[in-house]
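Consider the two complexes below, in which chain A is the common component and chain B and chain C are the respective partners.
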Partner chain A sequence: MSMVYINIFLAFTLSFMGLLIYRSHLMSSLLCLEGMMLSLFIMMTVTILVNHFTLASMAPIVLLVFAACEAALGLSLLVMVSNTYGTDYVQNLNLLQC
Partner chain B sequence: MKVINLFTSSILVTLLMLTIPIMMTSTTLYTNKLYPQYVKTTTSYAFMISLIPMMMFLYSGQDTMISNWHWITIQTMKLSLSFKLDYFSMIFVPVALFVTWSIMEFSMWYMHSDPYINRFFKYLLLFLITMMILVTANNMFQLFIGWEGVGIMSFLLIGWWYGRTDANTAALQAILYNRIGDVGFILAMAWFLANLNTWDLQQIFMTNHKNLSIPLTGLLLAATGKSAQFGLHPWLPSAMEGPTPVSALLHSSTMVVAGVFLLIRFHPLMEHNKTMQTITLCLGAITTLFTAICALTQNDIKKIIAFSTSSQLGLMIVTIGINQPYLAFLHICTHAFFKAMLFMCSGSIIHSLNDEQDVRKMGGLFKALPFTTTSLIVGSLALTGMPFLTGFYSKDLIIETANTSYTNAWALLMTLVATSMTAAYSTRILFFALLGQPRFNPIITINESNPLLINSIKRLLFGSIFAGFLISYNITPTTTPQVTMPHYLKTMALTVTVLGFILALELNLTTQNLKFKYPSNLFKFSNMLGYFPTTIHRLMPKANLLMSQKSASTLLDMIWLEKILPKSVSHFQVKSSIIITSQKGLIKLYFLSFMLTLALSLLMLNFHE
Partner chain C sequence: MMTYIVFILSVIFVVSFVGFSSKPSPIYGGLVLIVSGAVGCGIVLSFGGSFLGLMVFLIYLGGMLVVFGYTTAMATEQYPEVWVSNKAVLGAFIVGLLSELLTACYILKGDDVEVEVVLKFNGAGDWVIYDTGDSGFFSEEAMGIAALYSYGTWLVIVTGWSLLIGVLVIMEVTRGN
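For the complex of A and B:
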């Protein structure tokens, strides 16, 4: 595996660990989600350009669209939590009300 | 010297002369106090000039058609401005102008205190012009222009006192019922356009078509709407909300006969269609009987006369149903005289009693209003067909012809019963309004000595007495009247009329001082107009509105667009997540355990020996 791929894979792993390990703010895990998407996008684009997979050139754009949707969804959840509690501390999410 | 040009020129001068006061609206003449006088004299001159073509026509018996201005040619159909000057229009135009002249003079007295009297006269004149367009039209498009025009002027004139809710409702009712009839008219026009490629009456009568039921049904529907036949009749008694001159002109002599006139115009088409004649006959018989029943217990003098008009219109339709269009036309012309006069007399009574229209509050006017009494009695006698007055020459002929023709016996019986009821309600009007002791307030406002009132009623009085004779003996003979019949058939009309008179007079005299009991069901049926307006005006709109609200608003908007997918999905999600959740919300623990599991599995799977 070449150096580029190892680098990007390392970026992905770091973001992934950042998504799963965080202290109090929900916002930080959303930011790490964006980082994951970014690294995936870079890896996909570089692979396609190097190997001349011309027909798969639309895949990164599709990935970008879906990433935007999920970011919006995550942000709306954040906004709902923030509306209820004023902050986005994770320890607030302990009430089981529907 | 050829005077043939005098015919066409005179009739065009008559028609054009009527439009001049309308064109004077933008000048200072309209705001002048003498505008009503001007309109009245214009109408009287138009009447006198229209006598010339009428007498020329009666002398020569020659139909004429004027075709002026080519308007448009739509592929193969040519529409132009054309006037048909035949038997019907040449006799109707002078009669209508004469009656309108008298009514305009009457309304100069009646509407004297109205601040908008100039506008009133303009509306009356516009109505007259559109009626002339209707009567002299040679193609159906021009007829339709006149047809709609009289409808609109009827609306404006019925709602003259627009501050009154009942007047607005009545005007709207007139427009709606006429609209339903217009659907039939347009059906006939469309059929003629599609099958005969024309709207000209000459071409329609020339073409020999097999089955003409569809356009004839359309024309019958149009006549039902305009002439207030049963089913589309409630607008005519409601139209009495308008001023009395309006009732006299529109809803007795001129506008409501437009439907009958239409059927008379198309009589060559109806001659060979037995089905349509039977339908027409039965419709007319139902109308005349039903409205006569309703007229028996009404308390408003104008409503009784309105129902009387409706009953006579039914009689005209019956006449068309027995294939006698010329007799129906004769009845139109004679009926105009005495019916307009009856309305004008009732207007005189109403104004004299300070706007009292309830017949139960009149009485004792026999000596107080001698001239009005005279004309009321003469008018009622002419209406019921007293021998040798005006009504006799048309009404008695109709009853005789119906009796001796091969026709529907039930329809004939209905017509005879309605004829006797005519005498009954006429007696009722005379008894309550004129005889007995006065039942109105003692304040004396009774005055009939205005020359405008006297002269106008006097002219129509002469018309009611002599016009039948004059018209019958001067017109060209058309269909052969039946001259031999058994003597009981000959005197049938007279017998039932006298029977109605005697019965009504006896009933009124003997029950005069009795206590009025709780009304019987039959009385209630007659007084509430057969419950027809009560059911139809409430039931059908409510059903329509309810159905449209259910289908459009509830079904489409609320259910299909809102409730089926979005709201049901969210509702289901909420309910199910309440049921099946068992989490405690320890997010960090879950994430950490996820990462630990992942890392452990990666290590195990990669670094095994």
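For the complex of A and C:
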């Protein structure tokens, strides 16, 4: 298998780490989620094109549809947080006080 | 050098991923994500997938990232952080960059390097697609995507329904109260 897969897998792992280790903005975590979806799309497309797996070419498009759904939902939650608190800082999400 | 063009594009892909994963202010992260989307489209185009590369540009960059862009413009701060203005961001960027450069140098150093993680990876210049036969006058990948409407009718129904439900859910979420 080609070495290109190592780089794309490394990109997925990097944005996964970026999603888990958050700083101040909720928006940067959503951007890292988008990066994960992009690297998955590229990996799926390259595998399908190299192996001539013709009938599976519809799978990246379906992945893009569901990624768009999830991005829109995440953005709507961010908009509601920003409407309530003024900014989208993660430290504002502190209603649970154990 | 042209045999390694796909590998170089994937290195630029990883470097731009490091750029937004080190989390500067979201507006700069969005800019770097646009660059990585364009480079990813280049990787797909190098393997002959012209329709799917166009999909990346139109749907992903032109649709989703534009929405991210103006949402970020709505919820941003007065002095956005660049990569050099904060030591945590700069440190994360340098660490990611160094790890990617080490990997790339190790791969490009020898002709027969072999990495075994779960599968065996070898051949950095191995960008030629294994050709089994001739595919006539049509593009295989475009025919596979066109099969979405004949063999994948149920997929179309499920994705269309989930998009409709997603719109309704978002309208309920943003109504508040």
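Quick note on the criterion: the second predicted complex is superposed on the first by the 94 of 98 C-alpha atoms of A that agree within 3 Å, B and C clash if a C-alpha of one lies under 4 Å from a C-alpha of the other, contacts with A are read in each partner's own complex, and residues count from 1 in each chain.
The rule is simple: a contact is a pair of C-beta atoms (placed from the backbone, for glycine too) under 8 Å apart; a residue touches a chain by one contact, two chains touch by 3 or more.
Predicted, not measured: the structure shown is a model, and the values here were computed from it.
**Student:** Specify the outcome, clash or fit, for chain B and chain C once both structures are aligned onto chain A.
**Tutor:** Once chain A is superposed (C-alpha atoms), there is room for both chain B and chain C without a clash.
**Student:** Is A:S57 touching anything from chain B or chain C once the two structures are fitted on A? First, second, both or neither.
**Tutor:** In the superposed model, A:S57 contacts chain C only, not chain B.
**Student:** Have a look and say if chain B or chain C is in touch with more residues of chain A.
**Tutor:** Touched residues of chain A are more numerous for C.
**Student:** What is the contact status of A:M17 with respect to chain B (first) and chain C (second): first, second, both, or neither?
**Tutor:** Touch status of A:M17: both partners.
**Student:** Quote the smallest CA-to-CA distance from chain B to chain C in the superposed model, rounded to whole Å.
**Tutor:** Checking C-alpha atoms only, chain B sits 9 Å from chain C at its nearest point.
**Student:** Name the residues of chain A shared by its contacts with chain B and its contacts with chain C.
**Tutor:** On chain A, the overlap between the chain B and chain C contacts is residues 17, 22-23.
**Student:** For a test of understanding, state which residues of chain C touch chain A in their complex under the given definition.
**Tutor:** Those in contact with chain A are residues 6-7, 10-11, 13-14, 17-18, 20-23, 25-26, 29-30, 33, 36-37, 40, 43-44, 47-49, 52, 55-56, 59-60, 63-65, 67-68, 71-72, 74-75, 77, 88, 96, 99-100, 103-104, 107, 115, 117, 119-124, 126-127, 129-130, 132, 140-141, 143-145, 147-148, 151-152, 155, 159, 162-163, 166, 169-170, 173-174, 176.
**Student:** Once bound in the complex, which stretches of chain B touch chain A?
**Tutor:** Within the complex, chain B contacts chain A at residues 574, 577-578, 581, 583-588, 591-592, 594-595.
**Student:** Which part of chain A faces chain B closely enough to touch in the complex?
**Tutor:** 16-17, 19-23, 29, 90, 93-96, 98
**Student:** Would you pull the chain A residues touching chain C in the complex into a rising list?
**Tutor:** On the chain A side, the touching residues are 1-8, 10-11, 14-15, 17-18, 22-23, 25, 27-28, 30-32, 34-35, 38-39, 41-42, 45-46, 48-52, 54-58, 60-62, 64-69, 71-73, 75-80, 82-83, 87-88.
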